[in-house]
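So that you can tell them apart, the chains are marked A, B, C, D, E and F in the order they are listed, and the count of residues begins at 1 in each.
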Amino acid sequence: MDSHRGAPDVVTLGETMVLLSAPSIGPLRHARSLDVAIGGAESNVAVGLTRLGLRVGWLGRVGDDEFGRLVRNTLAGEGIDVSAVTDTGAPTGLMVKARRTSASTEVNYYRAGSAGSRLCPDDVPSDLLRGARLLHITGITPALSASARKAVDAAISLAGPATPVSLDVNYRQALWSPAEAAPVLRDLFTRCDILFATEAEARLILDDPRVASPLDLARALAALPGAPAQILLKRGARGAIAIVDGIPYDAPVHHVDAVDPVGAGDAFAAGYLAEYLAGADVHTRLATAAAAGAFAVTVQGDWEGLPRRDELALLQLLDADDAVAR
Amino acid sequence: MDSHRGAPDVVTLGETMVLLSAPSIGPLRHARSLDVAIGGAESNVAVGLTRLGLRVGWLGRVGDDEFGRLVRNTLAGEGIDVSAVTDTGAPTGLMVKARRTSASTEVNYYRAGSAGSRLCPDDVPSDLLRGARLLHITGITPALSASARKAVDAAISLAGPATPVSLDVNYRQALWSPAEAAPVLRDLFTRCDILFATEAEARLILDDPRVASPLDLARALAALPGAPAQILLKRGARGAIAIVDGIPYDAPVHHVDAVDPVGAGDAFAAGYLAEYLAGADVHTRLATAAAAGAFAVTVQGDWEGLPRRDELALLQLLDADDAVAR
Amino acid sequence: MDSHRGAPDVVTLGETMVLLSAPSIGPLRHARSLDVAIGGAESNVAVGLTRLGLRVGWLGRVGDDEFGRLVRNTLAGEGIDVSAVTDTGAPTGLMVKARRTSASTEVNYYRAGSAGSRLCPDDVPSDLLRGARLLHITGITPALSASARKAVDAAISLAGPATPVSLDVNYRQALWSPAEAAPVLRDLFTRCDILFATEAEARLILDDPRVASPLDLARALAALPGAPAQILLKRGARGAIAIVDGIPYDAPVHHVDAVDPVGAGDAFAAGYLAEYLAGADVHTRLATAAAAGAFAVTVQGDWEGLPRRDELALLQLLDADDAVAR
Amino acid sequence: MDSHRGAPDVVTLGETMVLLSAPSIGPLRHARSLDVAIGGAESNVAVGLTRLGLRVGWLGRVGDDEFGRLVRNTLAGEGIDVSAVTDTGAPTGLMVKARRTSASTEVNYYRAGSAGSRLCPDDVPSDLLRGARLLHITGITPALSASARKAVDAAISLAGPATPVSLDVNYRQALWSPAEAAPVLRDLFTRCDILFATEAEARLILDDPRVASPLDLARALAALPGAPAQILLKRGARGAIAIVDGIPYDAPVHHVDAVDPVGAGDAFAAGYLAEYLAGADVHTRLATAAAAGAFAVTVQGDWEGLPRRDELALLQLLDADDAVAR
Amino acid sequence: MDSHRGAPDVVTLGETMVLLSAPSIGPLRHARSLDVAIGGAESNVAVGLTRLGLRVGWLGRVGDDEFGRLVRNTLAGEGIDVSAVTDTGAPTGLMVKARRTSASTEVNYYRAGSAGSRLCPDDVPSDLLRGARLLHITGITPALSASARKAVDAAISLAGPATPVSLDVNYRQALWSPAEAAPVLRDLFTRCDILFATEAEARLILDDPRVASPLDLARALAALPGAPAQILLKRGARGAIAIVDGIPYDAPVHHVDAVDPVGAGDAFAAGYLAEYLAGADVHTRLATAAAAGAFAVTVQGDWEGLPRRDELALLQLLDADDAVAR
Amino acid sequence: MDSHRGAPDVVTLGETMVLLSAPSIGPLRHARSLDVAIGGAESNVAVGLTRLGLRVGWLGRVGDDEFGRLVRNTLAGEGIDVSAVTDTGAPTGLMVKARRTSASTEVNYYRAGSAGSRLCPDDVPSDLLRGARLLHITGITPALSASARKAVDAAISLAGPATPVSLDVNYRQALWSPAEAAPVLRDLFTRCDILFATEAEARLILDDPRVASPLDLARALAALPGAPAQILLKRGARGAIAIVDGIPYDAPVHHVDAVDPVGAGDAFAAGYLAEYLAGADVHTRLATAAAAGAFAVTVQGDWEGLPRRDELALLQLLDADDAVAR
């Protein structure tokens, strides 16, 4: 029922921007038009979780402009409980995405001083977090500004110790240097319960060049003091490795015709967290995570391709003839 | 505040369809692509009221398909409180719109047996209507099916005598003949408090060929037994006439560069009702109604161009040079 | 009945090219894409006549290439009896159209040595012409090549004296100079029964600078030795003048929102000829001619907007609200 | 010669609809426009046969609307002898196609009560079938309505025992259940001479769960009482198996970069039937069938990519550099 | 001759940004794509002057990014002598343009901290200015940053007293308040020889609320101490007034079908300055200025529609039929 | 520095045309629009060399039309020193490109009698060539016309014996037969220092059917009297073989997701020549040549995807996740 609005299962916070994408492959300057959408790591996860049946609240700031209304309306339209503050003093951020070649994607940001980067602790309503079953954060938000970093801290505090926190490291070199990022990310590492990281991000946290294989890397992370009980090491097209309560797992690998790699990590997180909140075992969490990631890359757009539960089965289809649902 | 969800000020119900529009002028069969949007007289009014600051609830039925999700998400994204029933037994309706010439628009419907046409009294939640300050209906819904007609009756009953009802006649020849429509519309005429009608629709209700001028027509309607206290006669580019509590008024006429005439009537209704609910006098109601109608026709799309309150002033701009807001 | 294929009422011959049009207004070099269609004065008239209920045969030559197939398929799809010779030695001609400003259109041709310009008398099948009730030609075809000029002569001969010939002067400065064109066009002038000309074209045939007003111009043409009995002087947005059997007539003028002026003359000819062949009086011929011309300019494309008989009434619609057919 | 119109070699009948396709991969509701084309299994085969040099007649019903004109004009433009009845009481059907992911296609139909589904025996002209060398039908038409089923029966009767009948099973779950379809399809199975079926369709006819391999399946079908002499089991990207006069054959498999799987089966049928009618041996029939199928999937659109005879050789090209014809 | 590169006749400096424009009318958030171009008041004038036959040098700063390359390449492609500094520390600025209604345009800027706003005196090469016959500046550049303001001062100094300076006031409220702008603009007013201003801008400089009519406004400006000898008061669709050496003039008014009002002022300036540098009298300057302005608004884009000398005559064409150049 | 204009390092000459490309795969006649760009083998190489840091001069002829201005402006915008003669007597040539299937591309030319084909010795300025370090020519130019052939001869003479000449054979069957081409190409073969050829082109020059393997073919070419010291045999996706000063080399092969094969050869030549002029060894030349070729095919367009030096490293990226530069 649409009009029923209970407390969200998951709360997340961050910056969501307007996303302008070049429709064809090639240098951005040859693009004759840009497609308009929105994107943000946290709201991507929010869409993914919503499609998998959860109720999600998203906190953020947008400008008092048309792009801000686009962010707000799109997320609300996707069924997310949007608590966006309208900032009359700064514009909504932009990102411009182009595929330089069929194998490389380039993103440029217009987010310095943006409304989204001015998120602050006062934007975080305590009542929203009190009822949540999970708080999801990323390493992007603390990189946006000092006030945004404090907003993340406030969210963790308000959620309280009984609410698990999941963290996707999402290191962005456009926002801060490894040296700036490392201490902040290490601190968040010890305060989260579920960690999503790429190999490079794991190395940034670990800072031990001797660790070689991905599995060793995951194990080394898990052995750090204060490490979260669930560590997910994302390896792109090569799959993912999990260490959950000390036990290693491999995520299944789907071989799909990738159309747009961006958003795969957010999809993976959404798939994993949806099953975790549904009480599923680690194998099921990883299966749905991998399936959601595979869906995401077969569709243009950072989040548009995220699957509903009833769509997950489409991945099994192999024969082109049978793949046409009539 | 996004997260605050009180009872809607206005409730409306009806069918909202996917709207496919030919981007260029010419016979539809030469269109090489169709733009995808949604449309429905009642939800158009709902968007208009929302943009003018009211909280609106929309009731309807959509199919369990992507087009149904498009209807639901778009309306929710616009800030409407959507109470859509998902009908697994029928598809979401379609309409296909083309401009045959720069001065004529053609609409084809694929709505026979659609989910939206299967609206029924059980779809109308009593609690939603109880708190509303206005119920808005159109003459389209009772034309869709017997159950939809009963849903309109149920809504009027549930709203109760203390809640004013506004009716936009919206006679659709594709749905029923004048002979079928007239008794139903005349019955609704006596049960509403605010009436919106074109000249042709007024004549359909009045059925007196001797009445000649638009003003006489409006007066004759107002003199019918059980007539609503507020009668709005819409005359397209020639403006509008009102009879409110027996007193005639003229709406101002805006000379704009019309791009798409569809939706002007819904915009007019939204503008009038927003001011009525704000307690404004009849002149203000008509001024905002006319302004909203003028906005609607300057933009492609049935409802996309509807103004927010702070945009109404844009209509005053006459000089091209000054019309660029920087 | 589609499968019934009798002899065509009207036969026409000429070059039809692929037509590439810039979708927006501005210098052609800023166009980022070009829309693909086809066009040719004679086949435009053929489409117009077909939509008004006549059976039309079109003769021409196309290259053995995809653009030739596009010409052939499009015309056959419009219901024209296409007798196109495939020329394996030359490509299908191209024209590139752009609106330099909102009031001026520019056309560039790639038709030198094209298949269409290589039309020759052997391409004209005698049986096709024998049953025709009208032969329609333009002053473009004799300008294409010596063989094309002979093909026009052959068509007139094969049609025989009992078959009326209509000629649209259609002087094209890109193809020949006034000095080259004048004798050829004057000769065709004496061999046709119905003449369509703009003022400038009338002056080219008349060559008498003293004649000032359009009406005098039409009268002077009608007074020339061997002049056709029906002379139509087209004046663009200012209407048209006819001298039929010595009597002057004015065509009605429609004030429409013009979108693309190209094709108005062909539409006018089609409207006139359709009524002429239907045995209508001169007023009716001119009314339909003017209506068809008005339709043509309200639609992007040289012929796409040409009306069917049941669409002619759409021009009466004035009120935007009523102009939406539902 | 275009104007030469002899009796068609092949006659087919069925419903052809307007086909609206999302241009990008992703959930249909995110599509911002839909491309407009037409499609229908039988007319797809008709286009394929026409391009391979045969004359084909297509029977069907369309609405008295622009979409009906689009169907009619497109097929006539492709050189098909169109005998379409215009049904003033029902609209032309629609189908909406989207690629949910790069590996799955979804089709939604708006064909309930459509003009095409109201095909009836009276629509089948006896003279057209009398001269035909083959009647091609599909299992879709009998699923549309009782009258359409009778139209198929009438066509088989009118064709007479000397005219071979080819049947493409084309089971559509949106139209009928397996239980409804099986007896009808089994009856048609015994009345045809050439059968095209997927594995799932073969199993629907056979109803023997013990048969395991595709070859056994084809053999079992061939062993049924009244089985056609030519059985083609289509296996998508895995190729096809034929049993012709009791002898098994394998179709060659082409590894192409598939862009749109829809239409591959129709292309296969067209390739096979074209060679069959040309008197070619089974190997040649299968080679052309496989080549046509490969062509179809390398192009967006259900039938647009179907090859002409002189294009079949393009499939041999392997080296990108040489693949550019200059 | 392309390879001949003499000193530029005119030098201008300022910020040129990437310009993203919504292709249709309506609220920006409903735009599904944005067209990519570039724009900047000074480079618009540079394009206009180049098309009218002058050699122009443009100074500015762009980011070390694809959008910077787009700015640089586009201007160089238009034949401008580009002296752009590549700033590795800041991105190229953006502006986003949308037509809210058919009569109002909205521009949003992403230029805070942009490369272009970091222009500084060192970016101004002395040799370039030494040979110039005119320096053109606008009131935008000093509003960008302190260093940009100094760059303008440096350019005026380097040009020297013998080189006339033209100033287009171009007040931008997004960049500074009237209170901040007035003293800076008044200072530049006394240092320029040719002034372009709208009425509102003239009032900002004059600051005398008693002056009522446009002509009085122009005269009052001309009477200020240190006023330039040539004052051009631009009045949009209502034309322009000039005071040159104390004598008032009226610019002709063209009635055109305006498609995009942005850029009209820059076109006017280019037309005026081109004739001024060609030694033409004031009437000719104003005629070309008005014609260039009229051209600019008939074309989508800020500068794309600017005319070449041989195109100026196109404005005389009134009759749609004759307006097709063949 | 933009304003610094020294003598070009490389000079090339030839015809550059407007290039119209169908945006989707399929028969060209189904294309609904064509994208507008430019292309020409020599100017493609010029762009490639410019992006790799060299200064390049291009000589050619364009028509006095918008397409000529597009050619000129695009090349100048890419930083090439354009010395284009404007030919008022002939139009700029066109080419129309379509992908018939996902594995085959078709190009049609409208260049007979084009401005570009009328290149003549007088168009070649002696001073431009005097300072050049390399002259690059192709086998296309001598095929265009007798005067164009003489222009190539004149360029070689003016360059003088001290300036190395590179020749890309680029045999075009649309322009001349093998019998016509062979003697001309063999003559150029003996006058160049660096040769680029496909296997088929090598065989055309060699005319010895006994030579079988690619390596033998390259060796046989190198053994011909007057053979250039550097022979590059291009083998498409299978790589390339070089014989430099008698020593054989293999170019590395990149496995990329090819989007558009056209332009790979020009990219290869640009990569090789850039390194040759930089004094790099043969391995480096071949590495950059192969990388540039790989870049070219991953992007739609003949030259748009050519890499800058700092982009060459992008080819190393293998992991989709890491391939997103942020």
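Observations
As a working rule, contacts are C-beta pairs under 8 Å (C-beta built on N, C-alpha and C of every residue); 3 or more make two chains touch, one makes a residue touch a chain.
Chains and their UniProt names: A, B, C, D, E, F = Sugar kinase.
This structure is a prediction, so every number in the text was calculated from the model and none was measured.
With chains reduced to the mean position of their C-alpha atoms, the one farthest from subunit B is F.
Residue numbering at the subunit E/subunit F interface overlaps substantially, since over half of the positions present are found in both copies. Note: centroid distance subunit A to subunit F, computed from Cα atoms, is 45 Å.
Shared interface positions of subunit A, defined as residues touching 2 or more other chains, are 27, 32-33, 73, 106, 258. Those residues of subunit B that touch subunit C in the shared complex are 24-27, 30, 100-107, 109, 172-174, 198, 200, 234-238, 258, 261-262, 264-265, 297. Residues 256-259, 295, 298-301, 304-305, 311, 314-315, 317-326 of subunit E touch subunit C in their complex.
Note for the complex: subunit B touches subunit D at residues 20, 23, 27-29, 31-36, 65-67, 69-70, 73, 91, 94, 96, 98, 106, 108, 110, 112-113.
Here subunit F touches subunit E in the complex through residues 1-3, 5, 57, 72-74, 76-79, 81-84, 125, 128, going by the rule given at the top.
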